[in-house]
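The following pair of complexes shares a single chain, chain A, combined with chain B in the former and chain C in the latter.
The block that comes next holds the complex of A and B.
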């Protein structure tokens, strides 16, 4: 599906946008650069674009805040676009007096071509263009932070929605519906006694389904709460750090401790890496393993094993008239030879055993290596504990000096730690599949999802037997299990593909930083060459990561969407700007970029040599009315004092 | 080839499973080494119902001969096959080795490997708490191997 923006129009919108029309022609160029000084409605335009794409419901206050002046009664924002080359026109009609709004759509499929109330996009697109998803391509700077924020799950959700994996979940819902329909049909033709049994099992089945739904809801709530607490903990730790910084002497000590901590982290990372390398070689784990390997190799050599005579030799011999000793190979002898031949290795087995023997004999790993690394790790962990204690001491000193806010923050942090522990225990009780843990936690089908699943299955089978639909139910379960596996596997593979593509692009954009995405769980997790995980990321780095991720995500997706971005380079260094300016244009079929004059250098000027670029400049005239002008010359020479929007 | 974990393994190691740094297979392998060295097999009832991975991860591919060798060694000892009993040793190898498999082991060998890993898990679980970090696990795993009263006899 191909979506392109053809233009938009404002009527009576804040920022002086009283009657302004932006036309990108019926076949828009690949790149459009729109220069708008701060305060002329860039943020408003981005919000309006997001609203009309997703059809999001605005609050009365949001509607009211869009008015051009206090006496304006109505306003309009109209977006023109093409979807698979068919024109669509969406209007957001604003009633400032009553603080209400309505969406209207005109589309070529409707014969009259007139406007109809509501947002009437093709269903497939409507499902895709949720409020959150729209923020990916009508790019919001905040999103650059959010895709790395634990708890927001933006990154993983984006992959799921864009590649339509949610449709697989829907397929399972449809299968359930089919089963229900089939059971209703079967129950309808049963006798009265049979119907009693059906009713009984149906009731039990429904009860257990309701219970499972409640357990799922509880799990979701606990996970949500967990993410909120984790997020709050990050904030609290930052606030604690801020309190320390208020005392100059403590700040210096803290910085010194942080430098030490970085060195410790680096040593820890290296030693852990080395430890894992040792661990993965059996002979390095313990000298005893090495001894056994060598002994087995020696034993095989001593016994001249494997024998050189193979099973094939005896099979061939059994087919001969005479044995090598000259006696005839009769039927009983043939059978005996063939039977005993199975005790001999096949030729290819001999080859493998010889390889194994060689590997065993030559196994000469340093069996003390693992001990050295473990000792080193223990020492590093001691240093880490001391560093943490010293850091804790700083906080205590500040508290003793009377910083009650810090004291409160420390208490909150400790409470969060305890709450996170309790939360983890509750989640474990709810979700563990481990029978030993289930027993230890007194889990039952009343409070444990996997056990409840088993109960659902039992009731379902009883119901299926009563309604004579057992086979149908079992087949449906097979389909659902397969669909779930496909969905999980697809998510894993797509995520990995997007991660690799993101890192390739990051290496192009910020080659000096060696910044990379280590994992896409819910959020993007970063690492740099220096540290195993990276949390302190500058705004420029954050933007670079977001661009790399979004372009990787969107360019290979089954949907061609425009990429609309506000101030794409404002927080980037000039050098990085150039790299972004060189890289980004090739990634999308349509890009609309709102820039301010300071972004011309390094970013916008990278487009000047390109063909097919549209330049538009918007500014407010002396009467506070926004004007628009086309062309590169005006775009380059435009100069107006930037204010704040 | 299909590797199966002890049914409590996933819970025990959940604090440190973080591919590619620490794979589920790393957990399985650590248990396997303990089980093979102790020459104890677990029970099929101890295993999870599903396979967690079908092949050796890249980091272990080079160790396939050694792991197969350790299995043969453990089996010879467990079955009390005398060191000079050439025929029985060869018969044991025939039972376990499949040249077409990347792990060098056939179905029987694979099944035994899973049972050794399950027994190894029980030994490890007895000696250490569920690890919270990879480094803590490495230290504890090293201590397990060097514990003078280790049931593995290491």
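The block that comes next holds the complex of A and C.
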């Protein structure tokens, strides 16, 4: 599906946009640079574009704030675009007096070609263009921070929606609904006694489903609270650091401790990796384990499993009246046993067992290795504790010198640590699948989601038996399981492809930063060559990461979307600007960039040599009305004092 | 019309369905087609029901 912006028009919109048209349908139109000084409605335009793409509902205040002047009663923003080469016109009609708004659509499919009320985009596109998704391709720097901030699930969600994996979730919802309908139909034709059983299991099933929904809500709330606390903790730690910095001597000691901490972190990472590698080779864990492995290898050798015994066993079994499980061996079962007998413990399995024997007999490794690594790890952890204590000491010295604000911040930080611990315990009780932990935490289907899932399944099977729909339920579970596996595997591979492509682009844009995306979970997790995880990232780095990610995400997707970006280079230094300016345009079939005059250097000027670029400049004239002019010459030479919008 | 499947989804379908060797060839083909159509939001209740009813299952379960 191909979406292309052909232009837009404003009537009576703030920023002096009384009657301005931007037309992009005549060539050149692949890249458009729109120079808008602050105060001429750049942010407003971005908001309006997002609104008409997604059809989001504006609040009365948002509508009112869009008015050009206090006496303006109505306004309009109209977007023209083509979807698979068919023209669409979306209007956002604004009634400032009543603070209301309406969307209208004109499309070629409608015979009259006239306007109809509502946002009538093709269903597939309407599904895609949610408010959150629209912000990915009508993009501003603010999103750059969100994309890599813990707690935002936009990155992974965007991949699911853009690559239509969310539709597979809808398929599974449909399967569930069909099961429910089937059960309702069956229950309706049962006898009175059977109906009693159905009612009982149906009630129990509904109760457990309600409980599971409540547990999910509780989990979501706890996770939300956790993210808020983590975010606040980052702020508090930064504020504490700022208080320390106010004392020069303490600041120097703090910096020294931070350098030491970095070295400790690196050693910790290295020792942990080494420890994990040792754990994967049992013989390295302890001399006792090594001895037992060798002994087991010896015993297996003596056992000498005969190769043909399993085949003989199956042949004999097929001739019996009853199977070892007690069920009769009928003719079809007999055939199945004989046909499948070869599948069990054939020549290659014997080979594997022989290899196991050899490996066990010859198990040899440095059996002291893990002990050494564990000792080293303990020593590093001790250094880490001492470093933390020394850091605490700095804070205490400052508190003792009378810094009450720092004292309050320290208390808040300690409270946050305690609350985060409690929160983690609650989440663990709610979500753990480990039977040992479930027992230790007294988890039950009343308070643990995995156990509740098991209870849901049990009730569902009972209900299915009562309604005589067991077969259909099991079949639907089979379909759902396969669909979920397919969806999960596709997402995993897509995410990895996007991650690799993102890192390749990052290496081009910021080769000196040694910055890369280590994981795309809810958000983007970064790492640098020096550290296992990267948390302190500048605004410019954020923007570079966001560009690398978005271009990787959008360019190979089944949808061709325009990339509309506000101030694409304002927080980048000149060298990075040029790389961004060289790399990104090639990746999109249509790119619309709103720039201010200071972005011409390094970014806009990278386009001057390109063919197929459109330059538009908007400015406010003496009567405070915004005017638009096409052309490179005017774009290059334009100078106007930048005000605040 | 060209398949709406991109390589990652295509390969995931192939891989998962080929490991479902207890299922019939027809079930696997129909499920593949259903997923293909589902990614475009293009399927009916009957399409889904027919695929469900083709699945081979063992009706024994733990009480």
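The rule is simple: the second predicted complex is superposed on the first by the 522 of 645 C-alpha atoms of A that agree within 3 Å, B and C clash if a C-alpha of one lies under 4 Å from a C-alpha of the other, contacts with A are read in each partner's own complex, and residues count from 1 in each chain.
By our rule, a contact is a pair of C-beta atoms (placed from the backbone, for glycine too) under 8 Å apart; a residue touches a chain by one contact, two chains touch by 3 or more.
Bear in mind the structure is a predicted one, so any value in this text is a computation, not a measurement.
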item	value
Partner chain(s) touched by A:356 [first = chain B, second = chain C, both, neither]	first
Which of chain B and chain C A:434 touches, first, second, both or neither	first
Partner with the higher number of touched chain A residues, chain C or chain B	B
Contacts of A:282 with chain B and chain C, given as first, second, both or neither	first
Chain B versus chain C as contact partner of A:570, first or second or both or neither	neither
First, second, both or neither for A:476, with chain B first and chain C second	second
Partner chain in contact with A:558 - chain B first, chain C second, else both or neither	second
Touched partner set for A:497, first chain B, second chain C, both or neither	second
First, second, both or neither for A:377, with chain B first and chain C second	first
Where chain A meets both chain C and chain B, residue numbers	none
Residues of chain C touching chain A in the complex	4, 6, 8-9, 11-13, 15-17, 20, 23, 31, 34-35, 38-41, 43, 45, 48-49, 51-59, 61
Parts of chain B lying in touch with chain A, wherever the complex brings them together	7-8, 10-11, 18, 21-22, 26, 29-30, 33, 37, 59-60, 63, 65-70, 72-73, 83-84, 86-87, 89-91, 93-94, 97-100, 104, 134-136, 138-139, 141-143, 145-146, 153-154
Contact footprint of chain C on chain A as seen in their complex	123-124, 127, 163-165, 167-168, 170-171, 174-175, 178, 461, 470-472, 474-476, 478-479, 482-483, 485-487, 489-490, 493-494, 497, 556, 558
For the chain A and chain B complex, residues of the former touching the latter	268, 271-272, 275-276, 279-283, 285-286, 288-289, 292-293, 295-297, 299-300, 303-307, 342-346, 348-349, 351-353, 355-356, 359-360, 363, 370-371, 373-374, 377-378, 380-381, 428, 432-437, 519, 532
